[in-house]
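For reference, the structures are reproduced in the following blocks.
Two complexes follow with chain A in common, the first pairing it with chain B and the second with chain C.
Right, the complex of A and B next:
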């Protein structure tokens, strides 16, 4: 089992390993359900990378398995150090070239996706979010409403205007796939378009003191009517 | 082929993020009175000693069972990558546990160059004040916890300019952010700020 069988062996092993990974992570997803337009870009980048990485991993592990079987010592006399001293230029050049092309392609893909996530500056709603130990204050300038709960309108683009009153915090709603530091002395804009109605949790993802883990707030994504109604109601 | 390989890092560098140090000071450090622990003794250290140099600061305690040794190793690596004009500042967040002797041994263990790397300790209140009112980073102490778990603190590196103002926060445990910090520190040096 040498040379001629290497390609089919590695191909079958790589396919099986890749399939197993996708089956496991398809059954038990790594991330919560996506709920924003930005999440689609993040997830496509994540899934794309995952597909490429598992395929490469499958090929490498498949080749290692092949070597384990094909080059095993059959008797004690065969044991010891043996090495292949051929230059293997073609393999080396091919590996470097393929890695280079893959790296540049992924960098270009990442830049395109990042641009799509950050997007332009147009927003349907401005929402001021002020972080402080250990709570979130939300203000809607258009409606002159204050509260501790973050209401968002489904399908509309929001400009989250993020500030911090004391130490460094970080705005994170896992379902939106966006995480942004709130830095004292700085006003930071985060563009966000929720796409699925429902309740989520806003977390602080930067250690901000003893009660950091309690720094959460409820996020509610509403349809247009419910959002307008909420903005007129008492918070 | 060799030319192509040489071009790769250049292209990747060009694709990298353009973010620099914050154009405006994020916060200005207040006056403070701490003690610098050097290999040969201790000396008073305050805001005036910081001014005039670009600094990278971090916050650790010597008995830490968490990320502190890694942060210190990464700060040492940043020091190797950057010109000696960039100074390093390590602030102890466990003033009770980090005696001058322990801090000195810790610095020696990590190969700290005393000409550019300052290890600071102060009173508990002064340390809290410097972190909260100055660097705007949290710390909390649980006296009931085991010594190696006693203090909870931020794992950010902080870039401080020549005027004693914070110009950026960087995740100490992220390679990408360490690269960004090295680049921003160089920019501050070049800008003369």
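Right, the complex of A and C next:
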């Protein structure tokens, strides 16, 4: 094979590899169903990174495959083309420049999405979530209600006020794409806007001791009427 | 051998008796700490440490020993220490691997089958810390000790006695870790986050902290030694532009050992103080700060992953030119990139803390810094790809391992970007996505890098070659098995599989069972590896001084090299990778 065939070879290999990734993760999506306004931003950040990374993976693997096919020694006396290194200054500079620009662009994109995820401080509902080994306690100050199940109102912005009574815990609902540690000695706010009615699971995702595995709770997103009714009912 | 047994027995006796006797006066935890310090000195003394110290004060050369017994002694020859490190690495790797098999057995189905929650946590923590030790010592401690002095043309390390001390601090640490299941178990994972780690009175947690501290000091001593050796003992003619890339990577890793490990050691000492002296550094209930521990811990522990991976980069960059029969592409900037990674590694730690509740504005600079590491890492890839271009590749086993490492680390590096990216990390943090990512970097990168180095330098170490076909079979099994275990873990992580839990929803069963089954392929590869080593020691092909026709100095010494390494001090007259260059 001649060196000129490298571009078509790598292009085809990269396209095939990238296509295979997208086919597999189109059939089995990499992210579970999304159920919050914040999830849309996280997923858009993820999709952007996934597209760029599968392309880079395809190009690098394609190039290595090409070298494996084209540049094998037939006898043990053969030596590679040593003059190649001295010609490489332009490649080095271009590579560093391109990767720096790409990296900074990714970081800028990430910063923009992060801002969107965090959003402002305005909230329709305050919900206190108190973590302790190995359970969650939920308190609704406006309604003066306690419970272990987290009720949220569809389409409304909630300020989750996170505290911990003992060690570090972490609040995570995979469908909401948000995670926030509950740290003893700190009061931490997490803004959350559920958008799809249904039941979800709240998982403690920071190892908090022996029974960390069992530290889960139920989450239910209700429409306005059902939420108001729930808040007036016996818990 | 009797020496070693006597040392271990006396150390264990002092530790057990001291903890028991003093425990009645001081309380068990302070007693255990005091006894451990005394036991460590007794053990090192019986082993031969005092003799070495006395000979040093008299200005004598360290005593010489011969035969296989020297490997069980406080021997100061860097090649003996290197082999000791490699043997210890393999032993700890087998222990950690066994823990992994136990975990995968439990995780094959939902529900708890064989272990309780605490038992699972203990096994998981021990797997984590033992594999961390393996990754820290395998290439730097084992291969580095053997190869670096040879590669720079030195007779030995700069501080041979300290070198032996670095190694012999490890066995007590391993014994302490193995004792933790019988002393209350561990419930905190290898990161030992406060205040979980400062609470409770179980001795197991304290054993873990003392073990971690011992490994830390071992690593600091090793770092100082490598830096002194490379700075002051290079052969005549070896200017900085002629230092082999593997030695560069060990320099970079040693800088981190020196600057980072001291910080984690001090934070662990603070945790020990919180436990035994009732200080309140980290427990907020008593006025401390939980986040302070995380900052101190990650300030070291993020650079520590580069102690693991930089020498693996060095190993593959060393091996690829030899088998590509071409100079290392972009050699000067590749060396600078290793140092750039070292520098950047100290300003990225808080990317482990995007969900921790630290000041939100800090997320941005830590995200930018972290993603910038992909620039020097990209240069390492450029060096690999540029060297392969127009090469004449010989696909011997070390080269196959190096290419497998590159493919694995590519996945590990790329999946690190969504974790460095703050918005996606909010979802991915503390899930199995992270677990899969760091296994691709640490196992796929550092362990495959160690395998590359091991197969490359094995003929120099033993004088015999490993069987090429068996080595390739092992590589294929490990590559396929490893990928089959860990690729599904990315997917499980994004779908709600948290780290460090023993149980999961029933619908995950098919994927989990698949990953558990694939673990057996990895186990099979390890069996092939051990068989290949044992077989080659008896019947392996005699290698000669330079079986790969490489140009660096270690290949000019006999295989295995005698005490003092070179008959006449070597001089360097050309660059290390002048393959195909007409003189």
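Everything below uses one rule, namely that the second predicted complex is superposed on the first by the 222 of 235 C-alpha atoms of A that agree within 3 Å, B and C clash if a C-alpha of one lies under 4 Å from a C-alpha of the other, contacts with A are read in each partner's own complex, and residues count from 1 in each chain.
Definition applied: a contact is a pair of C-beta atoms (placed from the backbone, for glycine too) under 8 Å apart; a residue touches a chain by one contact, two chains touch by 3 or more.
All of these numbers come straight from a predicted model, not from anything done at the bench.
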item	value
Chain C versus chain B on the shared chain A, clash or fit after superposition	clash
Between chain B and chain C, more extensive residue contact with chain A	C
Contacts of A:106 with chain B and chain C, given as first, second, both or neither	second
First, second, both or neither for A:72, with chain B first and chain C second	second
Touched partner set for A:188, first chain B, second chain C, both or neither	second
Touching partner for A:154 - first (chain B), second (chain C), both, neither	neither
Touching partner for A:84 - first (chain B), second (chain C), both, neither	second
First, second, both or neither for A:137, with chain B first and chain C second	neither
Overlap of chain C and chain B interfaces on chain A (superposed complexes)	96, 100, 103-104, 107, 111, 166-168, 181, 183-186, 206-210, 212
Contacting residues of chain B [partner chain A, same complex]	1, 4-5, 8, 11-12, 15, 22, 24-27, 132, 136-140, 152-156, 166, 169
Residues on chain A engaged by chain B in the complex (per definition of touch)	93, 96, 100, 103-104, 107-108, 111, 133, 164, 166-168, 181, 183-186, 206-210, 212
Touch list for chain A against partner chain C, complex	3, 28, 30-32, 41-42, 45-46, 49-50, 53, 56-57, 60-61, 63-64, 67-68, 71-73, 76, 78-82, 84-85, 88, 91-92, 95-96, 99-100, 103-104, 106-107, 110-111, 113-114, 116-118, 162, 166-168, 170, 172, 174, 177-181, 183-186, 188, 201, 203-214
Residue ranges of chain C in contact with chain A within the complex	117-118, 120-121, 187-189, 193, 195-196, 199, 283-285, 288-291, 324-331, 333, 355-357, 360, 363-364, 367-368, 371-372, 374-375, 378-379, 381-382, 385-386, 388-395, 403, 406-407, 410-411, 414-415, 417-418, 421-424, 426-427, 429-431, 490-491, 494-496, 498-503, 578-581
